[in-house]
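Same chain, two partners: chain A is paired with chain B first, then with chain C.
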Partner chain A sequence: TGPARLARLPLARVKALVKADPDVTLASQEAVFVLARATELFVETIAKDAYVYAQQGKRKTLQRKDLDNAIEAIDEFAFLE
Partner chain B sequence: MASSSGNDDDLTIPRAAINKMIKETLPNVRVANDARELVVNCCTEFIHLISSEANEICNKSEKKTISPEHVIQALESLGFGSYISEVKEVLQECKTVALKRRKASSRLENLGIPEEELLRQQQELFAQ
Partner chain C sequence: MAERPEDLNLPNAVITRIIKEALPDGVNISKEARSAISRAASVFVLYATSCANNFAMKGKRKTLNAGDVLSAMEEMEFQRFLAPLKESLEVYRREQKGKKEARKDKDKKADSEEQDKSREEDNDDDDERMEEEEQNDEEEVDN
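Here is the complex of A and B:
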């Protein structure tokens, strides 16, 4: 079996979000599973990237502006601007 | 919090799940509430982004159902190629689980023993 992950996204909710797009017709269960995993990785990545800014500011609390900075700085996060 | 009589636009990943993930990623870090809120919303955007792209890829492929491969291609084309190797691991787990299930159910069928008979035999074993 694969590595145990403690936190997982609820698949039903991920599926509901996919279906909320009016253009999407059908997504397979495996597709939803893969997307859920990718989203978990996204959260890990953006949290770590944002934390770099908190560290630069010598803070131990991650603040919203740290996320804003990460979003601005990283190309892949441009869709969040 | 949004009520369950949902408007699709209020759909998000539950805050508790996000909090857990953040905690695992940054174990000794305090995170401001509005930062958490932003992460929740970013997740929603991410899911919409990837699924839209996967949907387009699916349409071009003349298939009707978005497959995991379409999602993987979407990740690649949107700059999230670094997620692909881990994502493929879960896909492998999925397929392994599905394969085991199919094998298990076909083995039972091939025995030709109807379920009631199997249950009866089980009861007898327990009674021993």
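Here is the complex of A and C:
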């Protein structure tokens, strides 16, 4: 996905997640948009990072354990543990 | 609303498409892996929201804005997202502005011919009133 791409994730679904936070009062439309885009970038990133492990295992199918390995190994994914 | 945050997931088809485009051709994703990524994405939104909200509160604002989300990315150590996010935001703002002007032109045409012809472009900062195709901006969260 190019940098200037508009969101593919439906903003309504992202907004529903934002609203799930009891501490959030209001969120601007722009905020929801940036969150949606950030989430897409996150998905790309974690998929690529996990794929490294599949490659090490000489596999062409990304598996759950590849995800687990990536999450354990990479600091930025610590919040997922 | 009895939904737990963990139940709020993102559309599988979109998640799958994003994953596939990020990986080389010919690579597959197991259902479990796709599912795990989807859940991780939901957690990402929740965590980023919480982080962004801290910035809003620090700024004594009740409305989470784009800047708060960008600050959250930095805080979460996703600095590499900042440049593409800023670019996307610029495109988004231009599009919203275009929509707003299209609506205003429509309104102008609907007005009587007697109207002022030499009206300058509006400089209102009423971006809070922008409407998405799907829903209104800034709905109150009733918690």
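Basically, the second predicted complex is superposed on the first by the 74 of 81 C-alpha atoms of A that agree within 3 Å, B and C clash if a C-alpha of one lies under 4 Å from a C-alpha of the other, contacts with A are read in each partner's own complex, and residues count from 1 in each chain.
We take it that contacts are C-beta pairs under 8 Å (C-beta built on N, C-alpha and C of every residue); 3 or more make two chains touch, one makes a residue touch a chain.
This is a predicted model, so every value here is computed, not measured.
Novice: Can A:Glu44 be said to touch chain B (first), chain C (second), both, or neither?
Specialist: It touches chain B and chain C both.
Novice: Please indicate which partner A:Asp23 is in contact with in the superposed arrangement: first for chain B, second for chain C, both, or neither.
Specialist: both
Novice: Touch test for A:Leu9: chain B only (first), chain C only (second), both, or neither?
Specialist: Touch partners of A:Leu9: chain B and chain C.
Novice: Taking the stated contact definition, name every residue in chain A that is touched by chain B in one complex and by chain C in the other, in rising order.
Specialist: Correct list for chain A: 1, 3, 6-10, 13-14, 16-18, 20-21, 23-31, 33-35, 37-44, 46-48, 50-51, 54, 60-64, 66-68, 71, 75-76, 79-80.
Novice: Chain A touches which residues of chain C in the complex?
Specialist: Counting only chain C, the residues touching chain A are 3, 5, 8, 10-11, 14-15, 17-19, 21-23, 26-30, 32-33, 36-37, 40-50, 52-53, 57, 62-66, 68-70, 73, 76-78, 81, 83-85, 87-93, 95-96, 127-128, 130, 132, 134-135, 137-141, 143.
Novice: Can you name the residues of chain A that touch chain C in the complex?
Specialist: 1, 3-31, 33-35, 37-48, 50-51, 54, 60-64, 66-68, 71, 75-77, 79-80
Novice: What part of chain A is in contact with chain B in the complex they form?
Specialist: 1-3, 6-10, 13-14, 16-18, 20-21, 23-31, 33-35, 37-44, 46-48, 50-51, 54, 60-64, 66-68, 71, 75-76, 79-80
Novice: Please name which positions on chain B make contact with chain A in the complex.
Specialist: Residues 8-9, 11-14, 17-18, 20-26, 28-32, 34-35, 38-39, 42-52, 54-55, 64-68, 70-72, 75, 78-80, 83, 86-87, 89-95.
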